[in-house]
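Presented sequentially are two complexes of subunit A, the first with subunit B as partner and the second with subunit C.
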Partner chain A sequence: MASSILVIASRDLKRFWSYKFWLAGQVVMNVADIVIFGLLFNNMVNRSLIPDYIKFVTPGILSLALFISSFSIGREVGVELRREVTDYLLSLPVSRLELVLGRFVGGAFRGLIYQSGFLVLAMLLVGQPSPAAWLVIAYTSILLSLAMSGLSIALSTVTRDFNLQATIRSVVYYMLFFFSNIFYPTQVVSMRFGPLAPFVAYSPLSIATTLYRWGFGYLRDVDVVSNMLLLGVWTIVLLILSSVIYLRNLTRRG
Partner chain B sequence: MRRVSVRGLLDLIHIIEWDLMKLKHQTLFVAMRTTWFILQVLVFGTTISMLVRYAQGFNYYDFYLLGVFTSLIYSVSIARGYEVADEFDEGIIEYHLALPVKRSTLALGRVLGGSISSFLFTLPMFIFIMILIQPGNWLWIPVSLVAIYLFSAGVVGMAITIVLSVKSTDATDILMGVIDALLIRLSTVFYPAPILAKIMPYYYSALINPVTSLSDFLRVLFLPEYVVYTSLPPQAQLAYIVGLAVGFSYLATYIVSRKLEAGGWR
Partner chain C sequence: MFLFLAGVRLMEDRVVAVKVVNFTKRFGNFTAVNGLNLEIYDREIFGFLGPNGSGKTTTLLTIATVYKPTSGDIFVYGHSVTREDYEVRKLVGLAFQDPKALWVDKVQELLEWHARVVGFSRGEAKKVVREVLETLDLWEHRNKYFYQLSGGTRKKLELAKVLIQRPRLAILDEPTAQVDVPTKHKLWNIIKELRDQGSTVIIATNDMFEAEKVCERVGIIYKGRLVAVDTVSGLKDRIPKGDVIEIVIEGDGRKDKAIESLMDLGRVEYQGNTLRIYVEKGEEKALLAADILRSAGIKVKSIMVKEPTLDDVFMYFTGARLVEES
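For the complex of A and B:
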């Protein structure tokens, strides 16, 4: 089973490199978020809320980079559905579960590889993690990339209309991105969202960002175990739901 | 001579219509794009504004509203470049070149059609921003709409020029990605000019950036008290926007008329 999953995943990973130009554009955008947006915004933020905006935002960009790259697989799955490549995929000598898991793992690989360069950047800009913190960072990256890859794949199969697919993905993308702590700290989230603040603080992107901030030494008082468990629950729920949706839509006609 | 001119005008209108018809089929897309723009302004904008402490009497949210609208009209206009790349991929450009229409008319029609489409696409978002800003002088609204349209025509012309010059999906992807990432961030969309001036290379880049010109021009019109946070005098900004529209429309026309041949898309 594991080898079939890896074969499917490696196919998706190979295809990822064919988008090297798209990737270059994404890298420029994410680096620009740190060295331009972060640097300039650092001169405008309230220092009592965020003493150093670059150190604050860099772990957030780690989440964002992983999220964008894992999410990229959804577009291809959507195109496959429109062009009926799914019939070819279903005819492969692998079980449907292996196919689905292989796609999720393929998306996750993309995220992990893309994020690795930004991990080095975070080490340089924020701080050097301890060996234990590296384990937490690795756990966070693996789970978040799997969850986002699954979510993106499932969303792309909801409709065959290409524009609608892109729009649904974008709406979910922005919802997750805006309702997270990537760009703003917990105090501001509490002030702005009031009773809804816990929903923002415990969204998958926020949990991952909090764990990265702890891992790179920006935050000290973090309940790491609870956050890790919660991220695990999110990932399991999202993967089960995504598998059900993807499997159902793979065989649906019209 | 007169008959030729009428024929040319009719051709131009048909080409513009072709771009507008595509917008007609995107009603749901426009509705959803409007929804998430409103979400961006109401959630991200209000939250990030709570972080900013810059100067006495400076309301970052108002500043941000006109900036974020500028980034929207820029993104929607530059997206025409991707559409042209798709058309090349699908052979539609070859079909257009084979039409009994003068190439200059074809190029101008695409620039005008693309910019009118982009302008109409963003109109609901502009109305929403105006409701939030509540302009003191309503006469500035038509002035701002003219500036927004001219800016859009310039960006569409730039997108068409780039795509038809490089004739490659990969090169289009990287160029558009890099231009998009840098133009928005190296402008006064999110930060006032004095903040940019703390890093001189960023400041000079922002000064020659058309995105800066439109966002600052809109601020001068609707938030006149924020003129101290803008980069250039409004006359210079407007001149830049007009120059952008005329310059890139001409360049797109030149590329289509003199350089473009069918095939060769990579």
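For the complex of A and C:
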């Protein structure tokens, strides 16, 4: 079973490198996020809230990089559905579970590989994680990449209408991206978002960012275990829901 | 035990490869296939002959477990497509009517990945893909993107997937559509080799020549119903009057009256300026038919007596011409 899942995943990973210009654009954007936001905001923000904006935003960019790259798989899954390439996948000698997990893992691999460069950057800019912190970072990256890959795949199969599909994915993408603590500290989120603040604080991207900030030593007072558990719950829920939605939509015509 | 007779292999003790039992498939209110019952035997080349939209592809995709039956069931070597779909997929290889790939896919990479999925190791995959690409004259296209391939090359790419897999049951949906004539002949030989090496082959086609040339038995499917199944010669024999007189006429004269008179000879079909009369002892009746037309003031341009074609067979069973329906 594991080898079938890895073979399925390898296809999505290989395709990822075919989008060279998209990848280059993403790398430039994520690096620019760190450099531009870091340099500009460092002297603009309240230093009692954020003493060093570069160190603050870099772990957030780790979440963002992982999210963008894992989420990219949905675009192809949507195209496959419209062009009925999914019929080919359904005819292959693999079980439906292997197919679904293979796609999720494929998206997760994209995220993990893409993020690895930014992990090195974070080590240089923020600090060296301890071995225990590396385990937390690895756990966070694996779970977040799987959850975002699954979510993206499920959303891309909700409709065959290209415009609607792109709109749904964009709305969810920006909701997750902006309603998170990637660019703003939790205290500010609580002040500005009012009743929505808990949704922001407990979104998977915010939880992951908090764990990365702890892992790289930017934050000290973090309930790591609770955050890890919460991220685990998010991942399990999203993967189960995504599996059901993906399979249902994949086999809907049949 | 096999008997070879006039190029058609007949089998006495036959293993059933595919058993279709009361299979019906609906998409919303549209019934694509209605109450299909059929047996396809091990190591035979079976053809589904019918026009576009007749239910061929729906049946094939259900055998391959891409679709599920609305009612009824299909068994592939004893495994139910509804209850043991994974077991069925292990036995089936499918070449789609419309090749399935994304523009970013390259020929060799696509096939090597396919080989890996169907169970080859990385090293074996490279070897078998090279062999198949060379067999299908695709080696020079190996580094091309899918979008750079012509329609015929894309069809060969689909067939390549099945040749890599060498499945117990090979399903080929219009495998030679968009392919030039010399390549068609080559692909037909490859399909026969596939059977000779142990695969059962099901072909969907609306090409009568392909059905005659390649298939041992043919099922005529029309508007979601299977109207006849037999060997090609068996189907022809089932036309009660074994000869077809084909007359091309010029001018109308008393055409209706003439056709009425011709009906005394046999069943008459009339299209444009061509008349077809299904008769026994065609040579004798042809002269008579020509006299009837002449006496009605209709000039006969040509007259020919021939054996019925599969198109005649299709016409006989469905009341429609395959060429026109396709």
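Simple rule for what comes next: the second predicted complex is superposed on the first by the 252 of 254 C-alpha atoms of A that agree within 3 Å, B and C clash if a C-alpha of one lies under 4 Å from a C-alpha of the other, contacts with A are read in each partner's own complex, and residues count from 1 in each chain.
Everything below uses one rule, namely that a residue touches a chain if its C-beta (ideal position, glycine included) is under 8 Å from a C-beta of that chain, and two chains touch if they have at least 3 such contacts.
On a predicted model such as this, the values are computed, not experimentally measured, just so you know.
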Just from the overlay, do subunit B and subunit C fit on subunit A, or is there a clash? fit
Just checking: does A:T251 make contact with subunit B only, subunit C only, both, or neither of them? Give me first, second, both or neither. second
Could you look at A:W22 and tell me whether it touches subunit B, subunit C, both or neither (first, second, both, neither)? first
Who does A:S10 touch here: subunit B (first), subunit C (second), both, or neither? second
After superposition on the shared chain, which partner residues are touched by A:I142: those of subunit B (first), subunit C (second), both, or neither? neither
Now for A:V224: first (subunit B), second (subunit C), both, or neither, which partner does it touch? neither
After superposition on the shared chain, which partner residues are touched by A:I113: those of subunit B (first), subunit C (second), both, or neither? neither
Check whether A:V85 is in contact with subunit B, with subunit C, with both or with neither, and answer first, second, both or neither. second
State whether A:E76 touches subunit B only (first), subunit C only (second), both chains, or neither. second
Which partner reaches more residues of subunit A (counting touched residues only), subunit B or subunit C: B
Once aligned on A, the angle formed at the Cα centre of subunit A by those of subunit B and subunit C, in degrees rounded to the nearest 10, is 90
After fitting on chain A: smallest Cα gap, subunit B-subunit C, Å: 10
Which residues form the common part of the subunit A surface touched by subunit B and by subunit C? 19
In the complex, subunit C touches subunit A at residues 27, 61-62, 64-68, 85-86, 89-90, 92, 94, 96, 98, 100-102, 104-105, 109, 113, 116-119
Residue numbers on subunit B that touch subunit A, as the complex places them: 26, 28-29, 32-33, 35-36, 39-40, 43-44, 46-48, 50-54, 60, 170-171, 173-174, 176-178, 180-182, 185-186, 190-191, 195-196, 198-199, 202
In their complex, what parts of subunit A are in touch with subunit B? 19-22, 24-26, 28-29, 32-33, 36-37, 39-41, 43-47, 49-50, 163-164, 167, 170-171, 174-175, 178-179, 183-185, 188-189, 191-193
Write out the stretch or stretches of subunit A touching subunit C in their complex. 4, 7-8, 10-11, 14-15, 18-19, 76, 79-80, 83-85, 87-88, 90-96, 251, 253-254
